[in-house]
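Order as written gives the chain letters A, B, C and D; numbering starts at 1 within each chain.
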Amino acid sequence: MQHESFLNIAVKYKAVFLDAYGVLKNYKGLIAGVPDTIDFLRSKGIALRILTNDASRSQEQQAEGFCKLGLTGFEPSEIITSGMMAKMFLQQKILSGKIAYLGTENSAYYILQSGLEHIAVRDIDLEHVDDISAFVFLDDEGFDWNIDINKTVNLLRHKNIPIVVANSDKLYPVSRNHVSVATGGIAKLVESMLHKKFIHFGKPDSQMFMYAFAELNRTGDFNRHEILMVGDTLHTDILGGNKFGVKTTLVLSGNTSAEDADLEINSSGIIPDYICRSIVS
Amino acid sequence: MQHESFLNIAVKYKAVFLDAYGVLKNYKGLIAGVPDTIDFLRSKGIALRILTNDASRSQEQQAEGFCKLGLTGFEPSEIITSGMMAKMFLQQKILSGKIAYLGTENSAYYILQSGLEHIAVRDIDLEHVDDISAFVFLDDEGFDWNIDINKTVNLLRHKNIPIVVANSDKLYPVSRNHVSVATGGIAKLVESMLHKKFIHFGKPDSQMFMYAFAELNRTGDFNRHEILMVGDTLHTDILGGNKFGVKTTLVLSGNTSAEDADLEINSSGIIPDYICRSIVS
Amino acid sequence: MQHESFLNIAVKYKAVFLDAYGVLKNYKGLIAGVPDTIDFLRSKGIALRILTNDASRSQEQQAEGFCKLGLTGFEPSEIITSGMMAKMFLQQKILSGKIAYLGTENSAYYILQSGLEHIAVRDIDLEHVDDISAFVFLDDEGFDWNIDINKTVNLLRHKNIPIVVANSDKLYPVSRNHVSVATGGIAKLVESMLHKKFIHFGKPDSQMFMYAFAELNRTGDFNRHEILMVGDTLHTDILGGNKFGVKTTLVLSGNTSAEDADLEINSSGIIPDYICRSIVS
Amino acid sequence: MQHESFLNIAVKYKAVFLDAYGVLKNYKGLIAGVPDTIDFLRSKGIALRILTNDASRSQEQQAEGFCKLGLTGFEPSEIITSGMMAKMFLQQKILSGKIAYLGTENSAYYILQSGLEHIAVRDIDLEHVDDISAFVFLDDEGFDWNIDINKTVNLLRHKNIPIVVANSDKLYPVSRNHVSVATGGIAKLVESMLHKKFIHFGKPDSQMFMYAFAELNRTGDFNRHEILMVGDTLHTDILGGNKFGVKTTLVLSGNTSAEDADLEINSSGIIPDYICRSIVS
């Protein structure tokens, strides 16, 4: 497929959904030129939303994080995370008992703050689990899950409760060449050990698309073909966008390299509507 | 889990989503008592929608079909099918070329009628496929796919286009003890042969839930926890409803027998909020 | 990886195992030059065996088939098929009852001839299946499985018996660009519908390697590192050979093209010890 | 299925293959009565082999371990482990370079002692990996893989080498109700992250069956139907034994409880020839 100019494409749309990592920023910080692109899109009256597989920080913390990197102007409400979706799910579906979690206290704080009690899996007494009513895999950047993972398996073998994965990414980048196992990978491992179906939040699943689309339509009248999803990963951003029915742009500034793009598209059957080097071009 | 009275549960909700096969009807026709339950729910002002994995007939044909069975009063607009979702997707995303399909002309008629040209895979000349821009697996009740399946594989091996599965069910019931392979099974086979990702419509995927939820909210103000999804199959109705965040009821009048319910819930980890013998109790 | 001369490699080994399709022959017939290579290997005293995923013909029929193509000199006992392995399994493990099968009478004839009665699935009365003690998916070249597949599903849903797949290949080539769905694909479809484990025969599974290795060691003293497996398919020939512990050569005269070889090796992690254009070079 | 007396069954066979955990011992030590059963079988002239998915200790250490528990008389050569199979594979197939591993030094010691240099993944400098020629997932009882797993992923993303899993069990029991994640689970996680095919050793794969069968036939003349495999796990012991073509007995003294046996057999399609409470009955 031919590479096109992102700005030429974007101006044809009423709204643009942006993945964060690999599109706006990378392991070194903000991608050069991104603030200008964002300013330009806003100047054209294009609505923007960030859709990110992340369950470690609240919308406010996310917005602050972008500010610190030098990307100002994003309202917390314009940033939609898989963690928010998990939080809303728990609020709607789990009405009593305690929510157990694997992850850091920080991520637990904002996802589990409202309503029910929550408890880290390491603090659970496996002989007394009657009041545990749900389990959440939270984000784990820098989290040592070596011991807690065994406790998680033993809890979930014996107790049949809804199990939620707040970020389904299997790995996250830590430097140009290196990645770490992420919470979604651990969840997949436990899922395969228990032969159970967990409820996954995060692209390619549609919850964030749905939420962004519904919110957008409170502020105006947006049709799916008037929306462009931009991402660096075929199996999350592009597959999710295609399934939801919006147009999709693959950028080559992150997970998918220019050399491999055509090949990966061909072998996966996941076909973006456009390919661009980055959003800065 | 304890079995509860369906009517006692249903009256606590503002809307009820119903699966068709195994809930309203079975291989013999309408399940006895269903019209009374439907009348009762309507008399209480509860909004009703039927969500069915079916891509063989239009909403109007579906409504007529229920009338013929003796279940009157369902508007075409109250019946949401996986085929409709596939149709909307194609309208939004495929703007030029011809749409190739596997299935009967009848199902092709209503899904592919608007806009683009369509062509049955058996009528394709595999040497001239430049103008084929998408492929759809349609419903196949009574369809002999023995030859067409090979042509489908050969087309899709060489041409990388969006591939849509209009009904992801792997089998459909033909009598009390017997089933037939359905289009979703054939699609899975081809998917595994090609190692590609197709776009599947139908429960447990969320498109029908999304659509029903959005339509409902044009007529009033419905929150997810005020909606009850009712189905006979854990892996489609209940998993899909749980993921979407509505409450779920498993009924034992179809795919899941009373003897096996607890066991299947335990071994799958797919947990309905309620279990009822049927909607007539 | 660099391509090497096959003959230079082969002479370092005491025995060579050869896949048939894509190595010795293709859709047009014998690959040019193959008889000379075979003669050369024999002249060097190298033991030869053909290991082929095929369950449609007996060893004798196979040897005759090669003769007709112009490759003489292979003894029936030098040709090992997945069908033979299935036959031996049934003889060892199924000692009473009738063996039901999906496939043509011709393939049934040689696999099921000895011992027990057998019955085509189309001839079964699904109300009387008490005496059915095992089921076999046979090879199906030119076989119309459209009706029989449904009967197979209905039989195997209700009766828990050993289920054997006599050839696990998902597709077979019918011309340069075209393939057909094969019995292994149908078996996979049924397996996924029933969530059951079938017993698969054929590479990459080790039964044929084991058998060839044991037979070889009746005629002399062969160590695994003295044996070379040659095939055109990474996921069957090379993966199977690697697992069994023999050396492996990928040839580019069949399934794997010269352009794609490095890429497929890299993305699959299945690494042959050597790569050659063909066995004629 | 009906439960039968193990001794009545066993005496009909010339050789018995025994799984260790859940058959001979459990988390508390030797299962009561086991030494008597073993003595009885030996007195009848039945050949015995232990086939165990274990890569942490050598045959000698295994035999000593059984002695300490009170089960004397097993020669090291009668105990076959998945670790031995991995060791033999590496000796046959990897002839130069260094073998990297994930696991403890103790398990590395015996598997990797002969021939090539080996290096723990934690000691690898990821910038200098030219001489790494293979990778092994070793057993990890009590091993903290939290950091090393990330290094493993980063090594194997960039370097395409044969990857061996010396024990494919996903978990191991640590007490009556509790399990720990095992090396096979970690390997599966990495396999799914990299989309690569690793080479797995351990039941249900056939390498140990093959080895035991070949060794046995150096000491006499054993046919497969004269051999009985005994195990407590359908997906490893019974599936592996069935595939290999020997007779199989499921015992209910380990992983599979008496209540669940019929159900698990029915839902998996893995059918043992016999079921016994234990080998002591």
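Before moving on, here are some points about what is shown:
Assume contacts are C-beta pairs under 8 Å (C-beta built on N, C-alpha and C of every residue); 3 or more make two chains touch, one makes a residue touch a chain.
Here the structure is a predicted model, which means the values were calculated and not measured.
Using the contact threshold fixed earlier, the set of chains in contact with both chain A and chain B is empty. On a Cα centroid basis, the chain most remote from chain A in this structure is C. Superposition on CA atoms relates chain A and chain D by a rotation of 180 degrees, given as a multiple of 5. For the pair chain B and chain C, the distance between C-alpha centroids works out to 39 Å. Inter-chain spacing, taken between the CA centroids of chain B and chain D, is 44 Å. For chain A, residues touching at least two other chains, in rising order: 267. Chain pairs that touch one another, listed by label: A-B, A-D, B-C, C-D.
Contact residues on chain C toward chain B in their complex (touch as defined above): 126, 144-146, 149-150, 153-154, 157-158, 170-171, 177-181, 185-186, 188-189, 192-193. On chain B, the positions that touch chain A within their shared complex are 88-89, 92-93, 160-163, 194-199, 205-207, 210, 214, 224-225, 235, 239, 242-243, 245, 247, 265-271, 273.
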